[in-house]
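Shared chain: chain A. Partners: chain B in the first complex, chain C in the second.
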Partner chain A sequence: MGLPDASGDLSSEMEVDAFRRLFPLRFYERHLAESIRPDGRPLGRARDTTIALGAVTSADGSALAKIGSTTMLAAVKMEVMTPSMESPDEGCIAIDFHMPPICSPIVRPGRPAEAAPVVSKQLSDTISSGKAAWMAYLDIYCLDADGALFDAALLSAVAALFHLQIPAVSLNDDGKIVVSEEDGGKLEKEPVNKEKRKLTLRSIPFSLTCILHKNYILADPTSEEEAIMETLVTVVLDSSSQLISLYKPGGAVLAYTSAVQDCIALTRQRVRELQKILDEANSGMEVD
Partner chain B sequence: MEYVSPEGLRLDGRRPMEMRQIRAEIGAVAKADGSAVFEMGNTKVISAVYGPREVQNWSQQISDKALVRCEYSMANFSTGDRMRKPKGDRRSTEISLVIRQTMEACIMTHLMPRSQIDIFVQVLQADGGTRSACINAATLALADAGIPLQDLVTSCSAGYLNSTPLLDLNYVEDSAGGPDVTVGFLPKLDKVTLLQMDSKLSLDLFENVMQLAIEGCKAVANYIREILLENTKQLEYRRGL
Partner chain C sequence: MEIDRVDGRTANQLRPLACSRNILNRAHGSASWSQGDTKVLAAVYGPKAGVKKNENPEKACVEVIWKPKTGQIGKLEREYEMIVKRTLQSICILTINPNTTTSVIVQVVNDDGSLLPCAINAACAALIDAGIPLKHLAVAICCCLADSGYVILDPTKLEEQKMKAFAYLVFPNLILSVLPEGSLKVVGEPMEHAIITSVTQGAMSVDDYLHCLDRGRAATAKMSAFLRKTLQPQISSDSSKAG
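Here is the complex of A and B:
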């Protein structure tokens, strides 16, 4: 198979695609040497991110987050439950991450993707429980898998919880909690909370996944980059720049402290961007 | 309960022969060969098509045709109460089979032997008529993937409540216990490929209700054609033609 000439000038489109498929690592290294990636991004920049709140009208809180092509839809549904004996004041949150076969050509129906339970576990460790005896079911569906799944999932989960409005409930005669109707309803029932209220979040976690390859650090990988260069580092910081979680599941490249610190610095920058995007999405909602 | 008021308005303010608002979008899933989002009122469905590609399970390969697979699943939050088992339950398996057989009838499978075409449909919001929305979304996704089809397959449902034939039932009307006729229609060839009904309906009324559903299918077909035409114009524009 002839290699393209040393000047790097690839004459026809067919050659580039073939080179990309047959020698992916070399293809990427030629780009990294110029401090750029095939989609034109500098090494430390993440892809365009958008958040849309309230994507699913039948859920109590929902959000659609897109990082580049990776799309995640998160929705929260609240149910009333009896609190446990040890913590009568605490509710509970159940997080479920799904990767339906539509998201990627490598996911087969009947066989859950390998990434799914890993991301589920990571999310459970990061998000803490809410108040009152509510059971919140947070379901995240991956609609398009193009790398950085955890980042997009966390972002959509956080945005959905941000958008969440706990429905108004009242205690009816049998002592059961019943969701009360919007338009007043019967006055015999004493409403427990008068109107829908938003969830108060203590501190909002944001994350950034980076790939380490030799001495390059690539922020926000696409699925192609993840497949070729396997060493991932995920850093989760909260809005006050405190470290919540650091996740490096093995990989060929060993990270020195300096590399980890660089990742954390990149994440800090990303947190500011994400905070701005979330605030814009939220104020966009409130104007309506 | 009254589903059609004396003035002739339904619960959501529609007339008996009026469909809900439809909206479709092509190319929602970047990774898929073809994809589409289809909305009928509050029912929202996303569909992705992967194929034709190599058969994943070699023993299932067919030597003279393409293998068509379909999976229907509902998101946990799609219905009013959270669903525990979104797929693998009997209803999902049945609908997967129905969609597969409907689409298989119109895909020219003999042109792609020994290959596999996967159709995945995910219901994001369910408000009645999910079967129809899924078939419409699958048609759009197949067209987006460039898979050769004999004709578009469009689908719509109709029912009969309070002595009135109603077009495009929503969830409340569907759970009223009256008949629900779902029709899958090929508009150009003028043929019916899917016909399902539940509950009871007398024969003379059935003819009316089925015709109403077919009219609905034709309306959906017109809309789908417009969307596909618009999409092709966009592609031409991007290529600089």
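Here is the complex of A and C:
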């Protein structure tokens, strides 16, 4: 096997797949020079995104989000709790992010992936709730990890909360609040809230992860791209264009102000796309 | 409009900085960094042979262990470990000693706000003390945004909790650097203006964030001058360390 010469034209001597495995960075740079990526996307475009609401019928709210091949399933269960002393009007939300071994060849059973606790913490920082004395358990399962985990997780969490309907409750004899039976024949007590209410969300956060490599900014990376070019920037904007988070955890490439502004601009565009997709999914549900 | 801070500082004023090197005997490098009452101790061991699973053996690797002052290690500590690891990996020259692991242990001695930047500064000073080859130094700072849109630097814990949003920013610091002259200016902006790491919490507008970046940059000039001054004189009197 000859070594590549300075002109680098080894691709004529070996198959494209072999070149991709052996010299991944050069393979990518050849594509970036033409402003395109191996899967045919232009640099600023994200992969096809779909949202399916109500994927889990036993949960109070759920959603399945897919960005390209990255699949996340989020489900919310509500429970009544006594609020804490400091904030008697606020409920609380507990977020757990799981990466079961099904999602990726590098995750093995018994050892939690490095990303899992980090993504859960980032999600807790981004989403905050505050309604009555409800405790919401939000669980997100990664079913397929193919890059941009945080984006898909946030999208599925937001969609699940969008889909959430707070169950009807009533006061029983001991003065405790119990969840009433849905289609039970007789209700002994009048339910405190007659119908299931939907959660009103103040403003919805959407995110976009970009990779910085030399002068290029690649939006929505796949796991292969993430492994080769390690510098990630995740920007979370909400629907009122406030910056919720700009997360860049180190990385070999430094972000100049111009790069930061480009990432934010790409994210703004993505927020509009995601808002539209979420609205379509929502109206699709209501027709049923 | 002036903002009143509890300890009487102005918006741009940092707390008193203190840094000591070589405080642990057995570690290959160690440093403690304190900003006001926040104090962090960092120790460096390495390079040791071998890398962990899933790491690239063609490069050196940095492993970070974060020890909180009290309590069990949870998600927050894991996230901090990841952020410090990736920040330090971007400043180390990873190709010099391939297939080795350098361990950085960060011990929180006291947390009074701006903890992560203090830890990154301590880790950077410890790496210098250990003699690990670095491309350039890193200086970290915390910028807080008040409701009125005012930016204050280096908040205490109380200020951090009261404020609408804050951002931890890490900038490179390179008066002397191994990089060639030409690469120091990209798109007309000097390299000191780029960010290595940014972690924000709370909602702020995009302009406020850019404003924080500017203020943070201005303040890091003072911090880097302090860092270099503290580390300079001990280099000539350093005895060689084992390992």
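FYI, the second predicted complex is superposed on the first by the 267 of 288 C-alpha atoms of A that agree within 3 Å, B and C clash if a C-alpha of one lies under 4 Å from a C-alpha of the other, contacts with A are read in each partner's own complex, and residues count from 1 in each chain.
In the analysis below, a residue touches a chain if its C-beta (ideal position, glycine included) is under 8 Å from a C-beta of that chain, and two chains touch if they have at least 3 such contacts.
The structure presented is a predicted model; accordingly, all values stated were derived computationally and were not measured.
Of the two partner chains placed by superposition, only chain B is touched by A:105; chain C is not. In the superposition on chain A, contact is made by A:241 with chain C only, not with chain B. Contacts of A:256 after superposition on the shared chain: chain C is touched, whereas chain B is not.
Judged by the touch definition given at the top, the superposed model places A:38 against neither chain B nor chain C.
When the shared chain is aligned, chain C comes close enough to touch A:264, but chain B does not. Once chain A of one complex is fitted onto chain A of the other, the partner contacts of A:73 are limited to chain B, with no touch recorded for chain C. By the touch criterion defined above, A:143 reaches chain B but does not reach chain C. When both complexes are aligned on chain A by C-alpha atoms, no chain A residue touches chain B in the first and chain C in the second.
For chain C in complex with chain A, the residues that touch the partner chain are 54, 74-76, 78-79, 82-90, 167, 170, 172, 186-187, 189, 191, 193-206, 208-210, 213.
The part of chain B that touches chain A in the complex is made up of residues 28-32, 35, 42, 46-48, 50, 53, 56, 69, 71, 73, 75-80, 82, 118, 120-122, 124-127. On the side of chain A, the complex with chain B involves touching residues 56-59, 62, 69, 71, 73, 75-77, 79, 96, 98, 100-105, 108-109, 137, 139, 141, 143-146, 223.
Here chain A touches chain C in the complex through residues 106, 114, 117-118, 120-122, 125, 215, 230-231, 238, 241-252, 254-261, 264, going by the rule given at the top.
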